[in-house]
Amino acid sequence: MGKQVSLFVTCMVDQLFPKVGMAMADVLERLGYGIDFPENQTCCGQPAYNSGYRAEARTVARHFLKTFEASQTIVVPSGSCTAMVTHHFKELFQKEPETLALVHAMEKKVYEFATFLTDVAGVEDVGARMEDVVTFHDGCHALRELGIQSAPRRLLAHVKGLELREMVPAEECCGFGGTFAVKFAELSGAMARTKIEAIVGTGAHTVVSLDPSCLMQIQGALSRAGLNVRTMHLAEVLASR
Amino acid sequence: MSVEFDRKIHDTLADANLQLAIYTATGRLKEKRIEVTADNVLPDYQELRTQANALKKHAIDNLDHYLEEFERNVEGYGGKVVYCKDATEVSDFVLDLAKRRGSKLIVKSKSMTTEEVDLNERLEHHGLESVETDLGEYILQLAHEKPYHIVAPALHKTRYDVADIFTKELHVARETVPEKLTLIARGVLREKFLKADIGISGANFLIADSGAVAIIENEGNARLTTSAPKIHIAVAGIEKVIPRARDLAVFLKLLARSATGQLLSVYTSFLAGPRRPGEVDGPEEFYVVLLDNGRTKLLPDRSKRESLYCIRCGACLNACPVYRKIGGHSFPWVYSGPIGAIITPQFMGVSHEPALPFASSLCGACGEVCPVKIDIPKVLLELRSDVKKSEAREGQNRVEKLGFRIFAWVMTHPRVYELAGRMAASMAPAGDGKWIKSVPAPMSVGPLKAWLSERDLPPSPSRSFREMWRHR
Amino acid sequence: MSRDNILHKVRTALGRSAGQAVADVPPVRLRVPEAAMEDRIALMMARVEALAGKAARVPTMDAAREFVAAAIAGKTAVASNAPYLEECGVAGLPGVRTGIREVGELTAVCAQVDIGITSADYALSDTGTLVMIAGPAESRLVSLLPPAHIAVVPRERILTGLDELFTILPNPAAQTSSMVLITGPSRTADIEQILVRGVHGPGQVTVVIVG
C-alpha cells in the first residue's frame, strides 16, 4: 500500500471542528504516513440522502468519487460519513453500472480513522498520554453499519493516564440523526438528555467518540444543561501527549 | 409533519409519568431479549435469524402457491378459508355467519389484524357482543382505546388507571392490586368463554402444509377462545404463511425470545380444522379469514417487500429510542414503532403522514434485533425518497427542495463551498470559544432555531480545517 | 368472495402464473442432540421449576398414583382418558371424574373441579414443555379450565426439544386438530409489567415424571 493516505475530513470537521482534522493528521504523521488533502473535497452527501433527496445526493457522491479517484487510501474521522460511502453510495447508483463499479472500488479504499489505525496501520499504542477519566460513546453508524466497537477501546486502553468507564446503558442513540435533530427537535433533545444521564452516571469528565455529529449533539446538550463534562474526538485524545 | 403528529409527540414527551412507564416497560423487555439471545444461551441465534429470513422470503416470493396449499389443507381437514379484501368483507363474513347460526356472543383473543380492521367496533355496531379476552386488550376495550404496543397493549396504564376503568365499566368495588384486578377480569371472562357462540382469534403463523394456524400466548385466553365455543374463526393477514410445520422449529425459537425474553410462550397452539372424530372437545366449525387490506400493495416493490416478513414480536419497539420516548399512541395507525413506521406509509400512502419515515434517527437498533432480519432503516430511507418524489410531483415543500438543490450545487463547487463557509462563520456571534446559547431574534429561524431550542450551538472556529492545513 | 381477485393480485405482484412451480423451501436443519435420559429428566425438572411449576420424579406407576392421590387430597379432580393414567391407577383414584366423552359434560366438569389430570404425548426438556395432542386420550379442556394441572408422564416421552419433536412428528395435522405446547403456568404482565399467574389457564402446573 505504501505509507500515503488522503484525508477526507468531512464538511462538519472542516467548518466546525477543524482541530479534529489536525489531530488526525498529527497521529498519522507520527506513524510515518505521508498525508495529502485533496482540496476539492466537500461533503459525502449524507444530508441530502437522509432527507430523501437522492438525485441531489448522487450529484454530491459523484463529486466525492471524482475528488478521491487518485487516492489509494482515504481516512475519515467519522463513522457516519464513512458508512455513507461504504454502505450507501451503492444504493444511489444501482441504475448506473459504470459509476457503481467506481463505487465498489471506492468502498475498499475508505477507512474510518480508528479502524485504519488498528486494522491497516496495525497499531493500538500511538504513544498518547492524557490524564483523564473518560467514557466512550458508540455512534450508531460506526457501531451497527461498520461493526466498530473494540477498535476505539483498544486504542484508548493504551493512552497513558487514561481511565475508561463504560456507560450504562451502552449503545443508545444520542439523538442526532442528521436532519432529525432539527425536524424533531424536542424528541432529539429528549434522547440527548437520556444520553447525558448515562454519561453523568459514569462520573467521567470527558466523552469520547468517533463521530463529530454525535459529539456536537452531546456537547450541545451538556452545555445547555450546564454540566462540566467536555467532549473530544478520538483523534484529539490520541494526539494528546 | 401534521399538526396531529407533532402534538401527540409533544404531549407524550411532556408527560413525565408516561415517559417513565414507557421507558421502564420497554427497557425490561429489551433486557430480557438480550439475555435469552446471548451467545452462551442461544449460540445459534444469528443462524436462526438467517434461516427465518430465508423462509419468509421464500414464502412471500411464492405467496400464491402457499396460500393455495394452505387452503387445500384447511379444507381437507374440514375447515373453510375465506379471502377478504378489506375490513368490510371481514365483518360482513362474521355478521353473516353469526346471523345464520343465531350467534350473539363472541369472545376474542389478541389479534393486531382485527384491530387493523376495527372488527369489534363493526360487530358491536350490528348488535353483537364481542369481548376481548386478553387482559391488556380487555382493559383497552373497556377504555375504548387502541393498543399502545404490539405485545404489551396496556403498557401505558397504571394499576390505578385499570382500577378506574374496572370500577366505572364493571361496577365493581375499587381494587388496585394487580393480582386482584386480574382475578376480577378472569371471573368476568370465564363466563363469557363458556357461553360464547363464536371464538375469534388471530394467527401468528399459517402453516401451508398442514392447513393449520399457530397461536402463541401466555394467558390461556386464546386456547379457550379456540376450544370452548362451537365456532372458531382465525383472522390473519395473507403474509403470515410459512411453508411447513417443521419451520416452526425456527420461528418458535425466535418469537417468544424476541418478544418477551421467554424461551417459549406459555401456550403454543397448533390448530388444524374442527374437532376430529374421536376428539371430545374443540370447535365444530373452523374458518380462516385471509386478509388482504392492502398487503397486495406491498408485494410488487421488491426492495420493500421484506416489510411483510414481520412476525409481530415487538422487539423493534423495545429497542427503538424514538418509540421509547413517543410511545404507541403517537403513531397514526394501530401498528407503532419501527415496523409501524415502514408499513403505515406503504398501506396508507406516503401522504397519510409524510413525516413518519423521518421520525427516526436511523440508529439501526431495530434492524439489529429483528428476528426475521427486516432491514428497517433501509426501508425508511427508501420511504423518505418516496415522500420527496411525491412532494415534487404535487409541488409541495418547494423551498426545502430548492435548499437541497443549492446544497448539491455548493458541494460540487469547492470554491463556492469555501466561500459559503467563511460567510457563515463571519455571521456567527462573536465567540469566546464558548458554546452558543442563543442568537439574535432575526437569525433564530428554521434549523438554527430548532437546534437552539434544545441544545447549545458550537462556536465558529476562527479558521476552517482547510485554512489551517494551508498554513501549517 | 374475493379469492380469485386477491390471488390474482398476488400473482401479478410477484410475476408468477397460476400453478407455477416453486423452488425448494430453504432447508431447515433440525438438530437432535445426544442427551442421556438422566440429563433430559434433570433438565426438564429444572426448567419446569424455573417457570414456577412443580416437578416431581417417581420410580414407578404405583408411586405416581400415590403422589397424585396426595396432591388431590381434599380436592375435586377430573382426569383425561389417557390410557397411561388408567395403567397408573390415577384415573381410578377415588373422587376423580374420568371417562367423559361428551363435550357438554366435559366442559361442565372441567369448569367446576379444582384439578385437571392428564398424561402428555411428549415433553420437551430444553424448555420444560408438555406436548398435548387432542384425541381419544387427551382432550383440550382438562389441561385448560381447572385452576391446577397435573401431568403424569413416563420418562420415555421426554424429548430434547422442538427439533426432535418436529423430526419425529413432522405432520401433526394428520393426527389431530389440536397440538398444544404448554410451558409453565398461565401468566400475564399486562398491568405495570407485574407478573400474575393463573389468568385463564391453570396457575399451578405439576409435572410428575415416572421412571
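By written order: A, B and C. Residues from 1 in each chain.
Criterion: contacts are C-beta pairs under 8 Å (C-beta built on N, C-alpha and C of every residue); 3 or more make two chains touch, one makes a residue touch a chain.
Note that the structure is predicted; figures quoted are calculated from it, not measured.
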Practice task
Give the fewest steps needed to get from chain A to chain C, where each step moves from one chain to a chain it touches.
Solution key: 2
Handout entry: Higher-contact pair (C-beta pairs counted), B-C versus A-B
Key = B-C
Exercise for the section: Taking CA centroids for every chain, report which one is farthest away from chain C. Expected result: A
Handout entry: Geometric centre: closest chain by C-alpha means
Key = B
Exercise for the section: Could you put a whole-Å number on the gap between the CA centroids of chain A and chain C? Expected result: 53
Practice task
Give, as an integer number of Å, the spacing between the C-alpha centres of chain C and chain B.
Solution key: 30
Practice task
Starting from the mean Cα coordinates of chain A and chain B, work out the distance between those two points in Å.
Solution key: 32
Completion exercise
The chain A residues in contact with chain B across the complex are 9, 11, 13-19, 21-22, 25, 37, 39-43, 45, 47-57, 59-60, 62-63, 88, 91, 140-141, 143-145, 169, 171-173, 175-192, 194, 216-217, 219-221, 223-224
Handout entry: Contact set on chain B toward chain A in their complex
Key = 1, 9-10, 13, 27, 321-322, 325-326, 355, 357-365, 367-368, 378, 381, 384-389, 400-401, 404-405, 407-408, 410-412, 414, 417, 421, 424-425, 435, 437, 446-447, 450-451, 453-458, 460-461, 463-469, 472
Completion exercise
Contacts from chain B onto chain C in the complex sit at residues 21, 24-25, 28, 51, 54-55, 57-58, 61-65, 67-68, 73, 77, 81-85, 89, 93, 133-136, 139, 152-155, 157-159, 162, 178-179, 181-182, 185-186, 189-190, 193-194, 207, 209-212, 218-221, 223-224, 227-228, 238, 243-250, 252-253, 260, 262-276, 278-282, 286, 290, 292, 296, 299-300
Practice task
Would you pull the chain C residues touching chain B in the complex into a rising list?
Solution key: 1-3, 5-7, 9-14, 16, 18, 20, 22-23, 25-26, 28-30, 47, 81, 100-103, 106-107, 111, 126-127, 129, 134-136, 139-141, 144-145, 162-163, 165-167, 170-173, 176-194, 196, 198-202
